[in-house]
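Notes follow the structure.
As written, the chain order gives the labels A, B, C and D, with residue 1 at the start of each chain.
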């Protein structure tokens, strides 16, 4: 597929349709989970969050091709995440008190 | 004209004023070191013809020293401060025998609710007085703060007490007055155009005086 | 596609119309100068508001001189009304922080200095840069419009604590509170656009040889500042949008009656607000470092630790926002954590101060106006930093929180720090902007008078604050415990008026020198920066051919320099080899 | 974002050390996305904090919102994301065309013009469905300030306060409309930018395997918007 004279796409291109399929299946799983199921609320919550983060990771890694970028570029996207976590956990901790 | 913190009026004033003095000494030394160094250098190393600056990129040893000294000082200061901070602000530090009064802040007044004869808030004999907080000397007082509309801040300078009253939250501040007399309450958080005139008064009584005042209030007396 | 030969940038320098050249310019230098004029205007507005505040605090109940021109809704018989007074404090803070100091440091000097100092032709995205300026101006005008709508300007303090800011029935201002939110959203957009530009430019557009550790500290500081801005401003934008929706759409984010949380606003605001404090001081530190090294004719002492101190301050700056909320009823355990992180931030600040001293040690000090102001910056920033320790120690903060003590502290940092650094930076790069020098004589008089009156104004505020005078109160004399302080309040007011008057010297010097200043030689300060390889003022597109960089920025009095005591970054000595250009990133992936 | 191609003269000078190793437009977009993360942190973080503050009294999302419809909308956005990445792959391979027959295959091979058009259609479809959803919700009485008095939802909430979260309706409306509204705003901006690129760059075939920066940069933005929606969909509609 790749043009041999083209040095810029050095990595193997992922199968985008397969990732699309993953995303699709996981979305269906999420919607099904949201209906009343004989599982505890907490388990549901954890499963839903795992699925959401997994989907988000797929998009970031393959569609935004972060998997194939250098660390210094990845870092730009990673830096705000701990800040977000710090902000939210701190404010919630405050509420617990 | 005062050049220092207001006269001490509560048990908090001792440690706070001492810490203040300690920090003043530490920062004073740092300030003198920096400013004297600055002035000395300005005079001593002013440009003169034929002179060339000493070419250096720095000294690791000097930098380690002036990194370590502030770091150690600051950590020590933090540890000492934390002890008193917990004592003054942690819910668990409120003495169990504290006398509870309610202070409800609204634009622009303090509504002080007293527990009445039974000594408990939230019972039928409670009564409310505007802008007047009457307390007994040498007794821990827990002020249950609430706010009607916006954020206010309950501030008694002599007692070294300051606590925001936030609408939707119930916060308890406590203090123990050490001398009788009349003090002022100010609002330390901008709460609207009347922020400045949100002035209340604290009356610190001896136990007998307080009982008398309470009896008078219970009898429906004014002020 | 790999490396492309450097083509001459003269190619696109066709003559441009006045509009393209000076109004809708995409040249980073013109944009910097536009920011300079606009933010100096807002600085003046903020100063005028401050004078009215000082009049009211010094002479409560006395008619304001010239107050007759103000409408009846603001003054009554010439006497400032309480509702106007809180508009004054709100707008003074807002203008000074968002529209004077921040654009003066970031808008002006990030734009002007970054491409010049790293040796490139312009910003990475010149057109976005232009938009960044116009949006900032728009935001400023929206904010200014607040004074001219019914009910007057916003009335909830520059921190806009909800629910006071969210409910017109409580604050008394309806339209302008919304204008504040809108203006902040627009300003946030402008700042993000600008900062994306600065970061990209510094990462990708450095000239060959300009390695990370050859960048001047001013560029380092502006780089870290841009990172702070790009991550902090959106949080404020988000908060301002929620506030705006509370004000207009009837949402309940900060409305405790419907489960909203007033403290959420404070958390979001200060999560932005503390990095913002460093946005306001880091560029000042960076520029002062450049100027002190120049004035001392010595390399900066401990360049690397200066860089790491900037990074350390920026990193810790994200973890300390809670110290603005010590009295808000927050969890005391969190308070302890915030106290420790706040105290620790004193360490990198101390490193910087001592390294500046180390730079001056055994130097050969030239007291030109920028150097004088930079020394003023160091000494005043030291006071500001040290007074912060009082409030970082939580128990001591109890009597000092929200009093004039914090007002003194923040003015020592923002006026004594940022503004003194600007009084150093403006004359220093003035020749690069306008091709002329500002008057040294007026500059020196201005510095000495400002230094004296500044301390007379703000130092006594510490004492007033210790005495317990709350912030933002309209009339301190109604409190018995504040009455004895009134003479000192009057003294502060007199000093403040003098301080304000002295600033007209600066303004006069600035404007007069535009036309009448001495023609500047190419390198008037005998500095090492890349920008001094260009003529004054720097031409459009800066260099014809991308310059090479041969050494670090602070090679003053280096032995290789021979009989001169400076060795610019762009000078190629016989022993120097040309840097090898890295391959250009490809156009695709 | 700057989406135009720079002329050679405006190209960045060669840095001494490679910067981020990518061209400036892409780097700038990544920095902007980092900034956008913080913007959504403010909105989503507030939602989490406010919801946490309400305890367990939050409304059942499925009772108020139309989850299957939004599930479909999520599917649309995922499709647009994959078509975006296909558009990117197509131009990297030099396929500027719309559709082209490939010998031995029944399906025609899509080029940049095809895949970007699909992306635009899916994106516009998403916005359309969201507008439809908003109209329906407001019709039922769900507004940013809570359940409108006398509306269908208000009646339901009276009958079953737990399921409909009668006590939290105000907070629910506030956070729901703000978060999804700003996401929708982002999608709209993306669609407009893509339309602009489509007519100024894609149709005139200005992109080539040597330079397709505009496509990659708008692609990054688009995937990010998709990513945010994946999070939003889960925490707003499902939990």
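Some points to look at:
Here, contacts are C-beta pairs under 8 Å (C-beta built on N, C-alpha and C of every residue); 3 or more make two chains touch, one makes a residue touch a chain.
Note that this is a predicted model, so its numbers are computed, not measured.
The chain pair with more C-beta contacts between its two chains, of C-D and A-D, is C-D. Chain C and chain D have Cα centroids lying 35 Å from one another. With centres taken as mean Cα positions, chain D sits 49 Å from chain B.
Remark: chain A and chain D have CA centroids separated by 15 Å (rounded to whole angstrom). One finds 31 Å separating the Cα centroids of chain B and chain C.
In chain B, no residue reaches two or more other chains under the touch definition. The residues of chain C that reach two or more other chains are 1, 231, 235, 260-261, 263-264, 268, 332, 586-589, listed in rising order.
Annotation for chain D: residues touching 2 or more other chains are 20-22, 27, 31, 34-35, 38, 41, 49, 53, 92, 209. Chains touching one another form the pairs A-C, A-D, B-C, C-D.
The touching residues of chain D, when paired with chain C in their complex, are 1-2, 7-25, 27-28, 31-32, 34-36, 38-43, 46, 49-50, 53-54, 92, 143-146, 167-168, 170-171, 173-175, 177-178, 182, 209-213, 216.
In the complex of the two chains, the chain C residues touching chain B come out as 82-83, 85-86, 89, 155-157, 161, 163-164, 167, 170-172, 256-257, 260-263, 296-303, 305, 327-329, 332, 335-336, 339-340, 343-344, 346-347, 350-351, 353-355, 357-358, 360-367, 375, 378-379, 382-383, 386-387, 389-390, 393-396, 398-399, 401-403, 463, 466-468, 470-476, 478-481, 484-485, 487-488, 556-559, 565. Residues 1-3, 6, 8-9, 13, 16-17, 19-20, 23-24, 27-28, 30-31, 33-35, 45, 48-49, 51-52, 55-56, 59-60, 62-64, 69-70, 72-73, 76-77, 79-81, 83-84, 87-88, 91-92, 95 of chain A are the ones that touch chain D when the two sit in their complex. By the touch rule above, chain A contacts chain C in their complex via residues 6-10, 65, 68, 79-80, 83, 86-87, 90-91, 93-94, 96-97.
Looking at the complex, you find that chain C touches chain A at residues 1-2, 227, 231, 235, 263-264, 267-268, 271, 318-319, 322, 330-334, 586-589.
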